[in-house]
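Chain naming follows the written order as A, B, C and D, and within any one chain the residues start at number 1.
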Amino acid sequence: MDLKEWFANRRKRQENLEIKQPLTTEEYCALWKQCFQCRELIYTRDLHSNLSVCPKCQYHFRIGAQERIEQLTDEGSFKELDSSLSSTDPLKFFDTASYSNRLEEASKKSGLRDAIITGIASIQGKEVALGAMDFAHFGGSMGSVVGEKVARLVEAGIENHLPVIIVSSSGGARMQEGIFSLMQMAKTSAALESLHEAGLMYISVLTEPTYGGVTASFAFLGDIIIAEPGARIGFAGRRVIEQTIRQKLPNDFQTAEYLLKHGQIDMVVERPKLAETLARMIDFHQVIEFRPRVAKTKVEATSTHREQ
Amino acid sequence: MVNNETKTVPLDFEQPLTVLAQQIELLEAQLQSQPELEPDVTHLRDQYEILRRSIYSNLRPIDHLALARHAQRPYARDYFDRFDNTWMELHGDRKMADDPAIISGLVTIGPYKVVAIGTDKGRNLRQKQICNFGMPQPEGYRKAMRMFEHAEKFHLPIITLIDTPGAYPGMAAEEHNQAEAIARNLMVLASLTVPVIAVVTGEGGSGGALAIGLANRILMLEHAVYSVISPEGCASILWRSADKVATACEAMKMTAAEIHKISVVDEVVDEPLGGAHQNYDLMAHTLQKSLIKQLDKLTKMSPKQIKQDRLEKYRKIGVTVE
Amino acid sequence: MVNNETKTVPLDFEQPLTVLAQQIELLEAQLQSQPELEPDVTHLRDQYEILRRSIYSNLRPIDHLALARHAQRPYARDYFDRFDNTWMELHGDRKMADDPAIISGLVTIGPYKVVAIGTDKGRNLRQKQICNFGMPQPEGYRKAMRMFEHAEKFHLPIITLIDTPGAYPGMAAEEHNQAEAIARNLMVLASLTVPVIAVVTGEGGSGGALAIGLANRILMLEHAVYSVISPEGCASILWRSADKVATACEAMKMTAAEIHKISVVDEVVDEPLGGAHQNYDLMAHTLQKSLIKQLDKLTKMSPKQIKQDRLEKYRKIGVTVE
Amino acid sequence: MDLKEWFANRRKRQENLEIKQPLTTEEYCALWKQCFQCRELIYTRDLHSNLSVCPKCQYHFRIGAQERIEQLTDEGSFKELDSSLSSTDPLKFFDTASYSNRLEEASKKSGLRDAIITGIASIQGKEVALGAMDFAHFGGSMGSVVGEKVARLVEAGIENHLPVIIVSSSGGARMQEGIFSLMQMAKTSAALESLHEAGLMYISVLTEPTYGGVTASFAFLGDIIIAEPGARIGFAGRRVIEQTIRQKLPNDFQTAEYLLKHGQIDMVVERPKLAETLARMIDFHQVIEFRPRVAKTKVEATSTHREQ
């Protein structure tokens, strides 16, 4: 809508208050979305009701943690954990803006406190400890909050004898928390070691995109690893690799399908079948047991974290 | 191998020292014919020592980085050789490769027999290429994992010496699932009931370093650095500028002293004045003393306590508010 | 998939049957015009059944081999589909490959949930090539090992269906250490505390078969074969002649009945008359019944007993004198 | 020596009993050996005193089980186990000759009852359970006797709390024992599983040549795997692979050095250093322990084997 149009409209508005308004760009974008893959224009409400999967080409749009949880869990079953846990700026990190400011911005944009939502919920009747990451918040990066929430989620799983499911989507570690951020890889992996010792199941769901420190820790430690179609998953980013090896990579490099072929994941599951698959997986592993499942090692349940 | 007679390569921030050293050399050459210059030479020599100490007690983060990356920095092999000149190297992941960027073996350190693992950057160009400049492949991490399991079976403590730019962003590395290789190492390291001590001797580069770095105690040499991303990577992402490396170094708090201050690192090990490369023997000796001291404490714990100690250590790392 | 309406490919030793069937067909065609032929047709049909039974109760070892290798022989996937039409396939060794020659997944068999593993030869030429004609790569064995460990963690019994010419004599297979992959599987299988049942459904080819075959109970389908080397290999080494395959088959005692007689195999599972490929549904049903019967017994044991049972089984196999 | 010569000699013998005899071919071969690698002629006594390693090119000659044990163990320390255990012919196997006859021939040729000698010995003062295979006996093939002797050796290790060392040299499984032979792979691997559970060390030494069922079972299950220089080691034989892939293989394919590069073995150790390396390995793993080593699982010590 250019200025002339706008003035024309304003005049019309003044003449006749009931005139129909043309859409603003934001409104337009809110109502319609274009598929990244097939370029089809899709009515947003339709897209949403189709689980944010393009009805034409089945492209799986990125979705946020909230939408993910809504899609997967039984209505009203989700009880959030640690909703108030927030980042601080332990290193007083400052690049072109301060980390504190960036955190505020990120929250304003995403409506979230950090890049993961965790809680207890049921999926088609099966109770689980569930985490969902949100790429829209700070690129889904893992800092102290993501690490701490994952660790607590896993502990909740151990305490309540529940399988743990984490739906990942992340650009990697959060640089602005420096070494703390790197150490969250160790923290989350150590937590999962305790879950493993307790004989409990962990299902990792990889979604577009999952990279870096998240893949090199909890995302690749699933007893079962599921990916969504087309999701790009890897440790190093495609561009970095191309710069390093000075070669073009195959088009489907690091896609879910490529990973399946290379033995890195158990299955690729389309979004409409995800909840059912998870429920069936959980059901399958709740078998008539030969021996009692007992947690052999347990970390102090009270999380001891420093505050600055 | 560098010894005290070999000339070490000077770094940028050592420029004033180099200039002064040249002046001293000039005067020394004249001493024979002009013995009256003796007091001047002595004075300059004192000045040199004062300047040296002053420079080394006021290093910027990027100066530490330069020292950590010094071409003559001692690598894992240099330490293992000095800890135990008959140490036995063990090779391979048993599956497909022996990654030269990760070395491992059976090393005696004072009264302790340990499984030692370290990264190797390679000394000359050929070696550097073979070692991929210290960037391990997934097979290297898996070789390390085999060593972790060996140590666990035989109740041997594990020592890891870390000096790596990080994991290698290569196509095969991705196809061989380096993410999983690193993650699996973290989980296995968390499960061990033997003591694990990790030492960042040079560069502690991100996930590639952590893959052999989840330990009961983390030590850093005085000029070593440890970061979640290379300062170059950080600068190019956050400042979109390669010139901002020094700034990135400062921002990330990657020096031994800074990381020790926030309690992620348990001990900073002194280096010889001028850096570890000035005196391999002294450096190895100092590090050996630190390792023995740590092992003395850790080996007093029960296997269960050792594991618990490690889990609790990592459980606590991170800063959040509620 | 073959069902009863699809014409199955006749084998050499079925030649008399084929001839007879053609005669019957000819007569049947004339029945309409010459109804007086009815008794002859009936007689021939009876003869056909008698001949068929006679042939199938007098098969030579090489005839069993032909049946075991029949192009329409049901493969693991055919059984899994019939045990549980919603079974969930799991892929990959997590490290570098998903070997299509070994398939695995979560399968419900009657009241039991099991981890099922099987070899896949591929049905059409394209699939056969993808599956390398059922010859696994080291990555396939390692995928199986991941499944063993999964089963152990979740206390799920393991069922393996074996139909493979053996390991693949390829360069990459050697470079990826297939010897170690097979050996490691044997050691891991020996360590499990969950029941393991192995079924040789077609060819049990040497180490490649054993790699998923160390079990509490070994079952063989009636016409399956199991041998330490392929009969072709045996003939060419011992007789230096490819013509001696039939002789090698006899010498090695590779049929289900023979191996059952020497107590290495615990149960021989009946096949439909004419072989498993004559009726997939019936074959799967019969096998399922056998598996459930074995699982009923094995799951009554404690984890410790299950392991002990397996160790003792193999401890006893072998014939020596002192 | 041709007939004429022989007659001439006989005549001379009759004439003069003290005449010096020319060497027979056998005598000649017994006195001199030609190096397979550098073609050097070596006086057999020298070769033997050099541990059967060519003094010129360091080629490691194949050696038998007896010589191996002499080289490795402290003099007089070796106490053989199960020396009377012998093969039978359970399948009445008959190719161009009967298996029974072949067994007799093999024993006549090698002077051994079967392809492995096992026992308790000390190596530079360290007590070990030691097995040495002999390629000269039936191609070092593994049948029921090798399987049983390995299993008993491992059990002796568990019982006496000793590390186990097996020096392998084998063409693979012994076809003439059919499925029994294949099952020895399972039997030996299962035995080693019990050793592993008992926390005891097993060192596998691979020597020229080690192939087939032996590599795919006990030979590749060492906590430490050592190979002799130049030894060829693999699962499938070189010729079979070349026929399959229709390609020439690299010259050093399947050599110890190739395997080292491909991560399959821990070290290549020259024969003169083997005893010392083994002793040091054993010493290193006898550490001040944090916890008692207890055999968790133990198979009935009395071996129950069928006789036909």
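In this text, a residue touches a chain if its C-beta (ideal position, glycine included) is under 8 Å from a C-beta of that chain, and two chains touch if they have at least 3 such contacts.
All figures in this text were calculated on a predicted structure; none of them were measured in a lab.
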{"item": "Separation of mean Cα positions, subunit D and subunit B [Å, integer]", "value": "44"}
{"item": "Computed distance of Cα centres, subunit C from subunit B, in Å", "value": "55"}
{"item": "Cα-centroid distance, subunit C relative to subunit D, in whole angstrom", "value": "35"}
{"item": "Residues of subunit A engaged with two or more neighbouring chains", "value": "196, 220, 262-264"}
{"item": "Residue numbers of subunit C (touch at least two other chains)", "value": "94-96, 175, 177, 180"}
{"item": "Category of the chain touch graph - line, ring, star, complete, other", "value": "other"}
{"item": "Chain-chain contacts as defined at top", "value": "A-B, A-C, B-C, B-D, C-D"}
{"item": "Subunit B-touching residues of subunit C, taken from the complex the two chains share", "value": "94-96, 138, 142, 175-177, 180-181"}
{"item": "Subunit A residues within the subunit B interface of the complex", "value": "82, 84-88, 90-91, 93-96, 143-145, 147-148, 151, 173, 175, 177-187, 189-194, 196-197, 212-213, 215-221, 234-237, 240-241, 244-245, 247, 249, 253-254, 262-264, 297, 299-300, 303-308"}
{"item": "Subunit C to subunit D touching residues, read off their complex", "value": "167-171, 173-175, 177-180, 182-184, 186-187, 190-191, 206-207, 210-211, 213-214, 226-229, 234, 237-239, 247, 251-254, 259, 262-264, 304, 307-308, 310-312, 314-322"}
{"item": "Subunit B to subunit D touching residues, read off their complex", "value": "86, 88-99, 106, 108, 113, 139, 143, 150, 153-156, 193-194, 299, 302-303, 306"}
{"item": "Residues of subunit A defined as touching subunit C within the complex", "value": "196, 199, 201, 220, 223-225, 260-267, 277, 280-281, 284-285, 287-291"}
